[in-house]
């Protein structure tokens, strides 16, 4: 029987749908499991109680952790559009993330704009910024490009730290008091913010998937595999790399803006090399060249950072560095990449065995 | 006569591509041996595999009675193999003198060999102080061969020396290779069958990464069908 | 032909910068600014030369180059002012190294199962932690900026010898356990002569024990030396540390991954970050004031001219009526010396010849029978030593602080982009152009820019000048992406 339409769609996408359902239920499950019953007045009962519980105790904290993971996952996905899909090694991705935070911060805090308008302007700013940085740095290739992008990122880092603009940026203290509209406040209505982040993550994931599955995405992969050949086939590789960089830049800037709203501020460290290394680690740990990889990587790196920090205090950075090196060396394709490669091999092995078994049935071995 | 170099059924991969799928050959001492085959048959890869630049994954390479598979290229070269690669690969930023001097394995190599080299290639003496990049194609080819002659090599691997040279220069080149073969064994790869057939004593033919025929060059010249089939050349 | 055009462009740019300086600030200030520019150029060059040589030869961009500069500065600073820290820690590193050498020699003895070396290594990491547990790093690091011959304030900071010897044993054991993995990692040199590693091991052991047993007299001896000798020792120690670290980085992080360039640079980027953290961990987050200068630059007076300075040994010299610190002249001299020295090395030595050939075609160099990997390591070590030397030279000028690595590395990157990556001349030119521009920029932002019709001159901090060099890089990328002297790919 031929399956078409909705049943086929369901069959193909059921793992994603299950995960989506779990993610949507997470705040309430967390509320029931980890909420602080004492903090909720006893007269609230039923659904209202579940909603209120989610805003208390460790449930609230873990919602925050997951929100941060969503934000970092979008950031890592955007980086992977460059590193994993186009083969462009940028060491300046923090600059887009940080710009997102600083632009909305400056507009909301100092210009008194609404969050929505600020994000709208940010889209424009990020577009211009990534176009300019891309047009300049994509004139060189390979490790050279890595160096140039790092220099551009340092430019913004230095400006954010410079004492000249202290009254606007707060210099090395950072810019604090970036409030989203009150009904979305991450402190008072964390569950609402959670769903905002979830929707944001989902939109970005679908957009990124749309891009990499489009003809443009296929040219990007062709450039990664062999840029000279892609150019020989008549593609203007510069334009396609620029498209990848702009898409990645805008996505990262939006993630940075949400990050600023969630943390109610930004510090210059979001523009620093450490941020780039974080996103690099997430992408590589999860698996460059896939979209699920960076998402998984973001979750792992964020959790690992949290636990290492709790266990070892200050030295966790060094331990993280060692783990990072081991992963880069021993899992060059990341978790998702390695599992995919293995599962293909496993599938091939099992298919072969299955074939032999069936053939064996048809032609029983002489005993 | 024991073979100076023996290659036994080597398999070489470049990336995922299985380029050599069983090449075997023997180079007796004091001869010129030709490696024949069409473009892409695997001739250059065979030379690189012998030298360890693209190490073979399977099979044996025996030089001077020692198994050398798996050693690093510089160790293999230092045992006495000179390499004259396709497209010459002389160092354009270095002078002719430096191009020769860099090949020294012991101090004084160049001094000892200078006379021999200059009788083979008198032009180089005139160009001695010039950067390699300013030499013509033919002069660069001479320099590349001369460079391989500086140390005491037992075997030269010469890859496509006649490529892009005018016919008159090819004549000169042939004379030089014939003369130097009195001193050192040569394994020669060249598309120019006119040239290889006149220089070489023996041949090995490869196709699709496999040795398909071998024998004395004189016998091959009596088989125009074979030549046409494997090389597309007409005598 | 192209070269002449590049030189013309270079002369024009420098000429324009000089003219701009004189036009804006008048001869007095401009000359001082240009001399400061030369000082900076000298430091940028010391960093950029290694970056560029390494990139040219092996297509590796070392993002940890700034860390080497910084480590050089810190080591030099410590040797100069607090040798106790070095005397107490160096033996531990030596013991670990001896253990690793011995362990990698013994590697063939252990059963050839894949996971066993890793299990041993895990144990080795454990033993290392055990060996350094409770090491009194804080009191050893804490020291006042010493003056000439000054003593260490924390007199009782050292652990007793017996405890230190125990640590030595523990770390040697740890190295032994780590050895098999190290051997697997650096697969290349397994066939090196055994007597060589034996000699090396014995030598290092002796050195470690001698340093430890003689730590008190050695410390008194070192601190009793004149400032000049100690400064020289700092230079040597800094450069040697840089060379050793460079060789270590090449063998562990670069060499195993020549087929995976992304892995190489990601690892060096990680090291850039981890290196800064490690320096903060050992020496603390706060920087330290500039190191004391040799006696030639120490008297607090102002000499009227160069000749008078050589006899008076003043700390500053009169340049068109303004005082200019003489130590900066020393930095310029060091830069020039290295510039010429390395150029001669490249032009006339066999190593230089191999490097020049290898920049073009390293596979062909190897086919000539030359161990090109060893040349790679030598060049990596040389480049790292230059960077570390630059760090030591910079320490009396800017002090030491954990951000200095990334700050100077950024400028060196920009210098290299301007000059042309992989070209030695280009690096020198880029460093010069950037140094001059940077000094003029610093002067400009601190004196202020007064546009007509403005009530107040526009002033800014040097950070803005530092950031603006990135814009210079952008212009170069726009006009000539390969840099002034760059090769076209």
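Think of it as A, B and C in the order they're written, each chain with its own count starting at 1.
Convention: a contact is a pair of C-beta atoms (placed from the backbone, for glycine too) under 8 Å apart; a residue touches a chain by one contact, two chains touch by 3 or more.
All figures in this text were calculated on a predicted structure; none of them were measured in a lab.
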Overall pattern in which the protein chains touch one another (line/ring/star/complete/other): line
Core chain by centroid distance, with centroids computed from Cα atoms only: C
Identity of the chain that, by mean CA position, is farthest from chain B: A
Between chain C and chain A, distance of the C-alpha-averaged centres to the nearest whole Å: 35
Interchain centroid distance [CA atoms averaged], chain B/chain C, Å: 44
Chain A and chain B, separation of their C-alpha mean positions in angstrom: 54
Per-residue multi-chain contacts in chain B, two or more chains: none
Touching residues (chain side chain C, partner chain B) in the complex: 188, 350, 353-354, 356-357, 359-361, 363-373
Complex contacts: residues of chain A adjacent to chain C: 89, 91, 136-137, 139-144, 146-148, 150-152, 154-155, 158-159, 161-164, 273-274, 276-277, 280, 284, 314-315, 317-318, 321, 324-325, 328-329, 332
List of chain C residues in touch with chain A within their complex: 55, 59-61, 63, 256-257, 260-263, 265-267, 269-270, 272-274, 277-278, 281, 406, 410, 413-414, 416-417, 421, 460-461, 463-464, 466-467, 470-471, 473-474, 477-478, 481-482, 489
Footprint of chain C on chain B - complex, ascending: 51, 53, 72-75, 77-78, 83, 85, 89, 91-94, 98, 101-103, 105, 147, 151
